[in-house]
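Below, subunit A partners subunit B and then partners subunit C, in two separate complexes.
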Partner chain A sequence: MFDLTNLSVHFGPATALREASLTIRPGDRLGIVGESGSGKSMLALCLMGMAPEAATLSGTLTIDGRDMADATERDWQALRARRVAMIFQEPMAALNPLSRVGDTVMDPLRLHLGLSKQAARARALDLFAEVGIPDPEARLRQFPHELSGGQRQRVLIALALACDPDLLIADEPTTALDANVALRITDLLVRLSAERNMALLFISHDLAAVARATSDIAVMYGGDIVERGPTRAVLDSPAHPYTRGLLGARPSATALPRDAKGKRARLPTIPGTVPGMADLPKGCRFAGRCPVELPRCASERPAVTKPGPDRSAICHVPSKEALA
Partner chain B sequence: MKRLPVNLLIGAALVLLVIGAAALSLIWTPHDYTEMNIRGKFGPPSELHWLGTDQLGRDVVSQLMAAARNSMAVALAAVLIGGSIGTALGLLASAIGGWVEDLVMRIADIGFAFPALLFAIMLAAVFGPSLTNAILAISFINIPVFARVARASANQIWTREYVTAAQAAGLTRAAISRDHILPNIAAPIIVQATIEFAVAILAEAALSYLGLGAQPPAPSWGRMLSEAQTLMYLAPQLAIYPGLCIVTAVLGFGLLGDGLRDVTDPRLVRER
Partner chain C sequence: MTALVEAKSVSRHYRMPRNHLLRAPEMLTAVDSASFTLNRGETLGVVGESGSGKSTLARMVMAFEAPDSGEIRFDGTDIHALGASDLRRMRQRFQMIFQDPFGSLDPRRKIGWSIAEPLRVTQSEAPSHKTAEALEQVGLRAADADKYPHEFSGGQRQRIAIARAIVTRPDLIVADEAVSALDVSVQAQILNLLMDLQDELGLAMLFISHDLAVVASICDQLLVMQHGKTLEYGAATQILNAPAHPYTKSLLTAAGA
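Entry: the complex of A and B
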């Protein structure tokens, strides 16, 4: 079990993550959505013990009841792969171009589980089969450039699964893949999570993928978790104006309506851009871009509201429909 | 297929010539290079002695070939020893970072600040003139060169996502250095090794010329040069032949190294 309480990450005066609290239990499938720079990846790196050296962390992170505050790099190395593993956005960049993919997958097996070369090879073959790589025997000897994007991501998933982790962090696992392949990778991750009772932390800015993959969702903006709850409830009736903005900015297959002059409406966007880490408003991070902003929003941090069972949102003006 | 750079082709041809001669000398030379014939001294080129004979009547071609072998062996040993130690130090500095990296690199800077040849002369002078000491001295001056190249290249590789992925898979920094960093910095290391090979050949010739390297009767271009120097007016060709050999070998490895660098790192190719 992974437990974050008020975890903050600072780079000098800049804040990358502000008082994030999360609990991840075996088998949980939690989605994290938000724009680039919202702190999603920083949260993931903290769970891996791989936050950049320049970062200062405060708050607590416990793994199976153990406080990781004083954990050394060696302690973390023992946890990685066995307890928590990660897959990355760019499957090409995340594979060593000069290593056969089989060797890459066998590395942690030999290191952590102390398997012999033959045993590691046999296990790698099983893993390749489990993640749906056809002809695993031949693939094992291939180099990353010989595989397609989807196959590479499957290799990385096999690598992450090698030591049977309790938590798999998928940092934008489908962003670099085409839509059809992305769907299959998403479904693969859900299936693996269910079969192995392995928790899945699915980080993405693709709401459709998150809706498909997860049972719970956390929406992040500017280093804050602004809204949390069961995926379906949050996406059906978002309480935070940022969540509503994200949902509104989603392109759909049906044409946008025409106005009175017959002009096609434009896809709604959230005005402005995410401010830099050092220039975030003191109060609600979304102040300045929020359509329903009050004067106090920029200076005063909103309290947590409970728009429904198991839900929470940090907003002064949460949506009425969500609260009802 | 992309056209190979001219310097690579010329360099490779010269290097093949020198290595070929050195390899051939292991099994065959026209004559025994130590065989003296005082009556046939300063012989002109003939069917028997293609480049003539020296002041002791020894066959010049045989001597040059045997000296090529000696030169290659010294350069190879020096680059291998210095390159391995330097690369290991560079990898270590890059993997650990912090004050260890600073310390290693500052020591390398001190090594750089010494004129390399002068340093080799000093070492050979302190530990006595011998081929082994010449090899050690040349190895030593190679260490900071390789440490710097390895560390700079490794620092680039450490930022790659596959290294992050390997860390996420729980690999130690030592294992990552060995399995992921080293193979990916091999190209710049090999380029550097080729260029340092040329430097090592020159250093060996210089040390032997000064009497600090190969000892008689071991053949060496540098020693042939110094022996011929006193006879410059009598038989200038005896100085010219080993000089040409040194130029050929140094130029060959230098051009080959530059060519390899152009091929492996296209960003460094200058506009022609």
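Entry: the complex of A and C
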């Protein structure tokens, strides 16, 4: 359905995305994990045809077999109206504070589907019920500030579902929410994806949320998709040193042990900091911070290795356990 | 030896906006008789969602606001009974780190100036060697004192905020969501830094976060709050291994444990 081949995004000499390839089929639940500056949001913007004006793009994006290279803004608008929808981190910022949430959800129904006011209202009620908003009749008339953070995110999900998209892009949808609410929103997205056979692109820095929400995962670093594969397989035996570092650095809800002298153990860390877009190493992007680095890593881009079924990693020295 | 911080049945209420002209406004109980003891060199983790009262508790420990009932003793002294100048002197001994380091650093001042700020409360001329020492303790260079906040990354700015907190050689650091805005790998670096400083300086920490995974990794004791009430309080390992309250269990699930 969505097929991305060797997509690169440059800003002058700086690289935001390097030869990213992805395929998204109906009902897929793909997670994109990475830290700030890894290119994960840029990837999402490209799928929506919303790459910044200043960016130079290369590579191909085909949607249902159609090459989008020559797509006009009007084509993209039609696509965004009906095929792709997106939800964001901050639900309050995405809702119009002066508009009742019911009107916000009814607008696209009337504009894109040409429904009458009554039909749009009935559909909005169905959508509110589908995303688990209690007492939808009363909620339709409320303003964003009258709702809790979780309810606001549900309203935005209802809005995103309004025109039956084939792909829902969720960019850090749970980051601003409390842990329990985040869990319920994650589960809601999974349920909607299954019930509607809708593809879900779940972008997050939160590995626990991605593990729960997705069946496949792409790990990004410095504009590269460094590792891809089934979520469970990748998280259980990561092939790329960056994935391993990221998993290790994540605290695991257990107290770090203290030694005999009472000194507490430390969290494993990835040394150094993410370089800026213009200062990334030419070869492997992770060179300079990698614990198993070879001399050629900084200059020579690794080929794609296949550490397992449906898996790939860009690394000169992928983990032996993962390859086994 | 007395505990460093002792909170006894501390409560705090806020008046809600008036709903009806002729009715008294409703009261919200932000913190409902919370009690804890924090010893020197130890860490108390406070976990809860937004509105649980965890930040209000922190603000009372910092003496930014006073409890309606109960008392908070710092090294045996009731800090809310102190006069203004005594409190100012006492404040050297407890410092706070916030979530957003960019919001807590003056963008027009060199960071050396910002770091020395707590020292200037009690002395007019802050010695620059103290600033330099604090910078090096958080893994930055003494020469960085002459740079401005925008020249640093988010993780480095949080290190600057920590340098400012330790410059007075406090006994207690209150960290309110101090690593929540940071990327996972940076988060681990900052958590390790806090533990290094704790070992080095014998700091006690009140570590507040909505993220149980983060709190759990660095605390000795744990206090779980919801709607102002203390649901669980005790040794961290015990609560994590055998959570008594369903809410704690659900937080553990959310943390991916």
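Keep in mind that, in the parts below, the second predicted complex is superposed on the first by the 320 of 324 C-alpha atoms of A that agree within 3 Å, B and C clash if a C-alpha of one lies under 4 Å from a C-alpha of the other, contacts with A are read in each partner's own complex, and residues count from 1 in each chain.
FYI, a contact is a pair of C-beta atoms (placed from the backbone, for glycine too) under 8 Å apart; a residue touches a chain by one contact, two chains touch by 3 or more.
Nothing here was measured: the structure is a model prediction, and the numbers come from that model.
In the superposition on chain A, contact of A:Gly245 is made with subunit C only, not with subunit B. Look at A:Val292: by the touch rule set out above, it reaches neither subunit B nor subunit C. In the superposed model, A:Ala138 makes contact with neither subunit B nor subunit C. When the two complexes are overlaid on their common chain A, residue A:Pro108 makes contact with subunit B while staying clear of subunit C. Once the two complexes are laid over each other on the shared chain, residue contacts for A:Ser99 go to subunit B alone; subunit C is not touched. Legend: residue contacts after superposition of the two complexes on their common chain; A:Pro268 is shown touching subunit C, with no touch to subunit B.
The contact surfaces that subunit B and subunit C form on subunit A in the two complexes do not overlap at any residue.
Those residues of subunit A lying in contact with subunit C across their complex are 35-36, 149, 178-183, 205, 207-208, 211-212, 245-246, 249-256, 263-264, 266-270, 273-274. Residues 160-162, 164-172, 175, 179-180, 183-184 of subunit B are the ones that touch subunit A when the two sit in their complex.
In the complex of the two chains, the subunit C residues touching subunit A come out as 49-50, 153-156, 183-189, 191-192, 195-196, 199, 210-214, 216-220, 236-237, 240, 247, 250-257. On the side of subunit A, the complex with subunit B involves touching residues 48, 50, 77-82, 85-88, 90, 93-99, 103-104, 107-108, 111-112, 156, 159-160, 162-163.
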